[in-house]
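For clarity, chains are labelled A, B, C and D in written order, and residue numbers in each chain start from 1.
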Amino acid sequence: MAPQNLDALAAMIPDGALLALPPDDSLAPNALIRALIRRNVRNLRLIGVPTSGFGTDLLIGAGCVATVETSAATLGEAGTGPRFAAAVRAGSIRVIDATCPAIHTALQAAEKGVPFMPLRGVLGSDVMNHRPDWHVMANPFAADDDPILLLPALTPDFAAFHASCADSEGNVWVGRRRELATMAHASRANVVTVERIVPGRLLDDETMAPGVISGVYIRAIAVAERGAWPGGLLDEYEADRAHIADYARIARSDGGFAEYLARHVQHTANQDAA
Amino acid sequence: MAPQNLDALAAMIPDGALLALPPDDSLAPNALIRALIRRNVRNLRLIGVPTSGFGTDLLIGAGCVATVETSAATLGEAGTGPRFAAAVRAGSIRVIDATCPAIHTALQAAEKGVPFMPLRGVLGSDVMNHRPDWHVMANPFAADDDPILLLPALTPDFAAFHASCADSEGNVWVGRRRELATMAHASRANVVTVERIVPGRLLDDETMAPGVISGVYIRAIAVAERGAWPGGLLDEYEADRAHIADYARIARSDGGFAEYLARHVQHTANQDAA
Amino acid sequence: MTTIAPQERLIATIARLILDPSAHPARHVAVGMASPIPAAACWLLKKSGHDIRISLLQRQTGGPFSEGGRELFDLAGQGRIDLFFLGGGQIDSEANINMIGTGEWPGTEFRFPGSFGSAFMYMTVPRTILFREEHTNRVLVERVDHISANGISDRAVIRRGRAQALVTGRCVFNFDGNRFTLASIHPGETIESIDANTAMSYLTPPDVGMTLDPTEAELGLLRGAVCDEMLSTYPDFCQRVWGRSLQEAEKAAN
Amino acid sequence: MTTIAPQERLIATIARLILDPSAHPARHVAVGMASPIPAAACWLLKKSGHDIRISLLQRQTGGPFSEGGRELFDLAGQGRIDLFFLGGGQIDSEANINMIGTGEWPGTEFRFPGSFGSAFMYMTVPRTILFREEHTNRVLVERVDHISANGISDRAVIRRGRAQALVTGRCVFNFDGNRFTLASIHPGETIESIDANTAMSYLTPPDVGMTLDPTEAELGLLRGAVCDEMLSTYPDFCQRVWGRSLQEAEKAAN
């Protein structure tokens, strides 16, 4: 699988796609998200796995998003995503609130190829009361009345993430972020940016293999150095907290966000592209 | 978590325990199984995850087993486990036949803390028809009639396996054999043998962490060098095919098995113990 | 003796609640994102020699799990997490918490980040300590606008746990499964000041005492060994409360 | 031209079945444990330049998966495995397979190893090639004693695939979803010898031909590049069929 360039990956994700994204601390594909904004993608239906962060806030602010299914839209210590909050107030996006383990469970169902999976808890939450697509049934294995939540399988059209490295067969290494494996397995296709391409086969290396997502799930790969920025990448680089804090402040206003976009997204095409 | 000796681990598994074991190619705890036979354990209820191999055949032959839930009892190229086949013929053990993904799924349900999990396929198999504990229901998310199998959560009392290494906090490294993680997570307690104890914290090492099972699940650890023998261990040593083939031949007769037991199990206490 | 920072008092207060001998034993405590005070309370117990396992979710490297973010929820689903912490933009008389927002669903007046795992953790973990520093009439309300996680469940619903207590910047309330009772008030507060700032219902027993100060030994640990553990994960908090920065600590170590 | 080994003919026959243009395309083929002939058929296609992904389960190191043994079943559940192979101690007229045993449940007369994943894979994978070298009246029966995996399902049951063909040491049968039809017979067999050794029902069309020999090019690949790939996983098979051992290969490589 020959690496492509970042814009080619961005071009694969069509307007209206159901796109799964990891949270900020879990290999967020921020360089690819900037490329998506530059290609002027529209009507994305985002899924936060299980929460949404910086990249989702950028996409919302740039007008690329129709719906967000997520358990939270947060910039960590910097608080609620400002463009997310503004869009909810304005009613310009549809938010489908979930709870973290429900997102994981719905993706596990898709990973397994089953139509649903049960989850304990959640009963009585308004999150559930606003999900007509969820289903409560009596546990058929219980002697007494035992209501339990069933979540329908969630199959994203695409998942995108930024991994440490890939080999020439398209296997990618995500290390301990195994929730990304579930997301990748559950999705119809994955587009992945990496810091580097490594020689050899990652799956033949017994030390690396446990952190690998097999190339069987991967549609395309691009090299994007520091592609998670301003997020961090495992032990390779830390999150740029100062930048995110600045963003959280600036992006509170429409004008501030527009300025941010012009400076850090529209004008960084060469910087982000490998 | 200070390492204990092999006999101490064997002593933790009481008569009648529901004990999950991996197949021969997946870090089989054969040294520990020999110690269990030496301690004269009785009435074990074994689970093959998802199939059973050499160790299960030894335990059955030595009269330690009441029931086996498994998808197959096989010595690989050497065929059906001879003591398993003899015990089925004699009616001296109860076999609960399953199918591989059903075992994985039932353990995943326990891992998740849900009472059941669905699985496609299987409907129409006599395996299902002999499982009154399984349940078929109409998929509540389907518009049309869509029967689907539900498997009850399977929570072993113990799981046992042989990992490459452990650290002083009881974290153990199983590499790519992640089905062992599901088995370990699903079980009430795990007893683990390892080739060696390593310095440092495995979970702090981003390269090793993806192949780690957290010490939170581990009850006790013992060092047992070449503890998977005659099974193999990842890329550390290969299975001893010749030994297994010899066993498959010798153990066909009661006398041959008794001889094997005397020679390779009862008299190797010092060899197996660390 | 130096001045006790309000955060130090909250940390010690939470540590004492964790040890409550009348409650389900806390062998494994998990701490969510952006929770420096609960995290510090766990470290204080650990550094005091208590046998307690802490799983901190907010760590980029290291950290307790190898199955990704899902493992915390699987552990909780099995009942292997004994105690968790939750906050909320609003908390009400029935210990319901709202992390969604105010106004019409899904928070058209003021939107909070979202419910995270609260709807699950609140029911699967035996004990939850509610913690919210801001103690005002807009936070502690009679009835939350939206329920992220409900404090009380129908009888038929399997529920392993509930809130044990609510710790705020002004006081501690205990929760008995039905309602809150004022347990202690922090220095500078009165029964009246609590009442004036609390829109949720609660009982006030006749003999409400003051929240205990941290001991000298606790303060020593907080400012030393606990801060050491927290520096890389919560640099801003350590700077604000203890005036220590990661950079200085790294310099000192070299 | 050297003598064609019977196993070589079976390998080439299975390779042609995999390529069948009228069937669901085989982009990803999985091969179970102890299946050297199906594995060799996949390698033959791969070495012939066909764009095909092979997942061999019988490898102690390396191998296609990182999620452990479960990943094969998850892939199949999603429909990402296009073709699989199954055998059976008994196979019957409706393509039911028995991997349990004969006599009373669970095989009190003669016990086979067990069902493995057959009950799942047979229904979730679009195409299954049944393969059983032994072709006798005790293997190919009218009705299996026990069904590990059923060849035909009720209409209401979601089923993605079924048997495409059955390859034995004597012949090839096609399966149309209802019954078997004799497709070709191997050299040395006749319509009559097949009939005498088959207790299951099948149709015999008027114009049954001989199973094709492997081509010279195929034989060259089998004895060279395919054997190279198989040596470490199936040493006994390679020794038996091609007289090559892993030790010699390793020596030659040094």
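Please note the rule applied: contacts are C-beta pairs under 8 Å (C-beta built on N, C-alpha and C of every residue); 3 or more make two chains touch, one makes a residue touch a chain.
For clarity, every value in this text was computed on a predicted model and none was experimentally measured.
In terms of the stated touch criterion, the partners common to subunit B and subunit C are A, listed by label. Taking A-D and A-C together, the pair of chains sharing more C-beta contacts is A-C. Seen from the Cα centre of subunit A, the chain whose own Cα centre is farthest off is D. Chain centres here are Cα averages; for subunit A and subunit D they lie 40 Å apart.
Spacing of subunit B relative to subunit D, judged by their CA centroids, is 28 angstrom.
If each chain is reduced to the centroid of its CA atoms, subunit A and subunit B end up 36 Å from each other.
Subunit B has residues 108, 112-114, 119-120, 146, 148, 176, 178, 181, 206, 209-211, 234-235 in contact with two or more other chains. Those residues of subunit C in touch with two or more other chains are numbered 61, 63, 65-67, 77, 124. The set of touching chain pairs reads A-B, A-C, A-D, B-C, B-D, using the touch definition from the header.
Subunit D meets subunit B in the complex at residues 33-34, 58, 60-61, 63, 65-70, 73, 77, 99-101, 105-124, 146-150, 153-154, 156-159, 235-236.
Across the complex, subunit D is touched by residues 110-114, 181, 185, 201, 203-204, 206, 209-214, 216 of subunit A. Across the complex, subunit A meets subunit B through its residues 105, 108, 112-120, 135, 137, 139-142, 146, 148, 150, 152, 174-176, 178, 206-211, 234-235.
Contact residues of subunit B toward subunit D in the complex are 23, 25-26, 50-51, 70-74, 76-77, 79-81, 84-85, 88-89, 91, 95, 97-102, 104, 108, 119-128, 130, 144-148, 176-182, 232, 234-235, 238-239, 241. Residues of subunit C touching subunit B in their complex: 28, 53, 61-67, 71, 74-80, 124.
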